[in-house]
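Sharing a structure with you now.
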Amino acid sequence: MAKHIEPGMRVALPVDYAGVSMAMTRPIIEHGAGDLDLVCVPTGGLQVDQLVGAGLVRSVETSAVSLGEAGGAPRFNAAVKEGAIRLKDATCPAIHAGLMAAQKGSPFMPLRGLIGTDLLRHRDDWRVVDNPLADGGDPIVLIPAIKPDVTIFHVPMADRFGNVWIGRRRELAAMAYASQLVLVTVERIVEENLLADEMTAAGVLPALYVTAVALAPKGAWPYGLWGEYPTDSAEIARYAKAARTADGFAAYMGQAQMESA
Amino acid sequence: MAKHIEPGMRVALPVDYAGVSMAMTRPIIEHGAGDLDLVCVPTGGLQVDQLVGAGLVRSVETSAVSLGEAGGAPRFNAAVKEGAIRLKDATCPAIHAGLMAAQKGSPFMPLRGLIGTDLLRHRDDWRVVDNPLADGGDPIVLIPAIKPDVTIFHVPMADRFGNVWIGRRRELAAMAYASQLVLVTVERIVEENLLADEMTAAGVLPALYVTAVALAPKGAWPYGLWGEYPTDSAEIARYAKAARTADGFAAYMGQAQMESA
Amino acid sequence: MAEVLPREVLICTIARLLDGVRHVAVGASSPIPAAGAMLLRAMKEAEGAVGPRISILGSVEHNFFTNGSAELFDCAGQGRIDAFFLGGGQIDGFGNVNLVGAGDYPRSSVRWPGSFGSAYLYFVVPRVILFREEHTPRVFVEKVDFISAPGVSPDGVFRSGGPIALLTGKALFRFDKTRPGFELESVHPGHDLAEIKEATGFRFAHDAEPRQTALPGRATLDLLRGRVFDELAETYPEFAAQMRRELGTVDA
Amino acid sequence: MAEVLPREVLICTIARLLDGVRHVAVGASSPIPAAGAMLLRAMKEAEGAVGPRISILGSVEHNFFTNGSAELFDCAGQGRIDAFFLGGGQIDGFGNVNLVGAGDYPRSSVRWPGSFGSAYLYFVVPRVILFREEHTPRVFVEKVDFISAPGVSPDGVFRSGGPIALLTGKALFRFDKTRPGFELESVHPGHDLAEIKEATGFRFAHDAEPRQTALPGRATLDLLRGRVFDELAETYPEFAAQMRRELGTVDA
């Protein structure tokens, strides 16, 4: 599926616990399309760090990047220090607001908060206006629509018709609604139509929004997948240690590649 | 549960096929709190017509009111002709936008379309501004937040903990998020926690948003309930015919009251 | 040429107007537009091509949405809906649609249900087909009493959609947004220009001798009366049964 | 008086600061705030009152939300979250919080993860408790290098929330938004004013002889070491186990 990704694309990726398609990370790196603008929904971790480490990333819009209990994201932090990537520091609800604007076909969404922050000072795409519905004053920030070219995530299942079960991780639907392309890896593909039963339908992202689905058992590993398997904290810690240096990162990625071959 | 309803409250009611709590209609009428401002999400039918016919309604914000195949809503249409209720004619996505603004804690949401309509001309609460993110011009409508005092709907089930299963009728969640009070009738109450399993959890409105739940088997009748039972079109047609006159309406409601007694 | 029912002409005309769309939304109480969309899908698939996706609104059985009643409008705003149908208590020569009521608003002498999503969808769905079988001066007026949705918008107003055609029980009109106004494209069998002029309350452009609306060929009719009516029967059982009753008469 | 662990003092102080809230949200990696909230719930329920609702974020097992990661912020915007905790790489005397990095932005010499939801939640959650165990001049600075979220806002800026207190491993401060600034409320056992002044990079108001932070009574400690540590063990097993190991030492 990595062939859908072209240089310069804006790529939306989900938060650690929502269903990260780690299975797609290596194919994306091998495919090699660079100058990517990542949008973390609303924060990033291992996948972002590895794409940055592989040199494919031009900018990162995010509310945070870290490896959780394993500490800071080493290649991301190094790239920040070197000025190798452009940062668009945000706050979680601003990323959700930008996606919601795209979902609604609106040019922007208003968001409370933010005024007086250095986030706002460094974002020339955000705009402060006086609330037109107030009697005067009442400044409020407008967040422009975030329209990713492609969204990539991993979930437990899809059906043969391309319907994808996202359960209660509805940010995955929000990302898909806002995106041109939606690439999904899954633990399993089921025979029955997930929309045919109201119980399963409640957690479905309909095929209408899905570009491609691929089978990838344990596809979130070393992240966990809700309702399926826990996070492999030891492996993330092993990565965190290895990736402290560019050489260590290259060695880790090369080794993992050999293991997967 | 009707005791929660006080005179002058703003009451949000769902569209016919999403889960109308018809079981609550008569208790509300008997309770008698009037001067209600109804918000139909996004359109209204039998319940709206009966509340209007009972004289409890001060205004109706809606994208449409009708009895579907049974034709126009007789008491609503009569009240319009008499000028007995104030109309806030809207369009479906404007109602959704207003609720979304309340859900997000934002004062307004922008919405495309609407410019040049007589809907806009008659709505002094909607505001047209030039899109602040454009280079100039580009008028766009801002819809103020809709914050109902109370939302009332009917769904297949709730659990003992107050979690309510709304399936894919997510407008019910949107209404609840935006409301102070949320009154729900259900076909059945189950023992197990609906949030404990990812499959059921995907369709749950959490107890956090729910004020009260009451058991009301066939509680949407004569409307149908998705996944449960179909609409009783003959009964709706019977109402439509009876309610052509105020006397016929009173007779219908009185008869139904005796039947339920 | 096989004998063709008037509603079959409408269905086949709609299939033609929809040619090329990827996704069309139709109302739960709109069997003729739905049949047109289903016919197009059947024709495409018979050619080995991909047919349009069809979303039937308000149907529990054919509900392909999972985000409540807002999803249709979101989907349209995202540019994922290419075609939609709109009726109207009144439609005027500028493509303005009135779904609210006749007479002075708000105390309309005749109140219709309301504008539904028209005030948004008319702006953002590229191919809106105005469809109303009743072709009378009561419906097709010079100027609507209330604009639920305007046919055209001034320059500078965001608008990616709008009307492309008006289909009635008597004729097919094309909408020219530059004039703006309607142009008679063709007249259905059994009707003529004089009758249409009399039945239409607004002025419209037309040839001196307008064409007749194209009739479907044998292959199209077979698809329609076979596969399409079968599909239609799942969602619109009464309409499908009625069409088949009428065809029984025709065939006899 | 029973012997009390320093972290037990923190937990009991947090329970006191939360008194009266209906709904508190805590992070998945914040066992001490979670323990404080759970202790308050246990105390309320022991009195026969209704305890606060506790939402643990990012936890799969204790996820009471069903609308994705946006729901917490929506919920806060609706006024349904009364209390929240915020840490920070740097916190200054005006209540400004920096979660982004030290040095010149964007090429920070030390980069922290980022602002998360602070730039919104700090504005709309009525009772934000700043909590950072490490009490050093590196953390508590005169002026933060980057404002992720400001302690106060000018008149006319919509703000229904903000900091009410700062709790560290050494002391508890109250935040006075009118000055604005912090005021030393009490000093934890084993620490004193001189030490706290040295460890704090910003100026703060204080009594000449500040009080000691109140210690929990026997009943509270029993609740904490019983029911609360049991509940805590479900979500924060390592933390609960460590506390119990330390208590083993204390009890021995």
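The chains carry the letters A, B, C and D, assigned in the order they are written, with residues numbered from 1 in each.
Following the convention adopted for this analysis, contacts are C-beta pairs under 8 Å (C-beta built on N, C-alpha and C of every residue); 3 or more make two chains touch, one makes a residue touch a chain.
Chain by chain, the UniProt names read as follows: C, D = CoA synthetase.
The model shown is predicted, which means the values in this text are computed figures rather than measured ones.
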Of A-C and A-D, pair with higher C-beta contact tally: A-D
Maximum centroid distance from subunit D, chain identifier (CA atoms): C
Chain centre separation (subunit A, subunit B; CA means) in Å: 36
Distance from the mean Cα position of subunit D to that of subunit A, given in whole angstrom: 29
Mean-CA-position distance for subunit D and subunit B (Å): 41
For subunit D, residues that touch 2 or more chains besides their own: 63, 65-67, 73, 77, 124
Touching two or more other chains - residue numbers and ranges from subunit B: 93, 100, 104-106, 111-112, 138, 140, 168, 173, 201-204, 226-227
Touching pairs - complete list by chain label: A-B, A-C, A-D, B-C, B-D
Touch list for subunit D against partner subunit A, complex: 29, 58, 60, 63, 65-70, 73, 77, 99-101, 105-109, 111-124, 146-150, 153-154, 156-158
Touching residues (chain side subunit B, partner subunit C) in the complex: 15, 17-18, 41-43, 62-66, 68-69, 72-73, 76-77, 80-83, 86-87, 89-94, 96, 100, 111-120, 122, 137-140, 168-174, 224, 226-227
Subunit B residues touching subunit D - in the complex, by the definition given at the top: 102-106, 173, 177-178, 195, 201-206, 208-209
Subunit D residues within the subunit B interface of the complex: 23, 53, 63-67, 73-80, 124
In the complex with subunit B, residue positions of subunit A that touch it: 93, 97, 100, 104-112, 127, 129, 131-134, 138, 140, 142, 144, 166-168, 198-204, 226-227
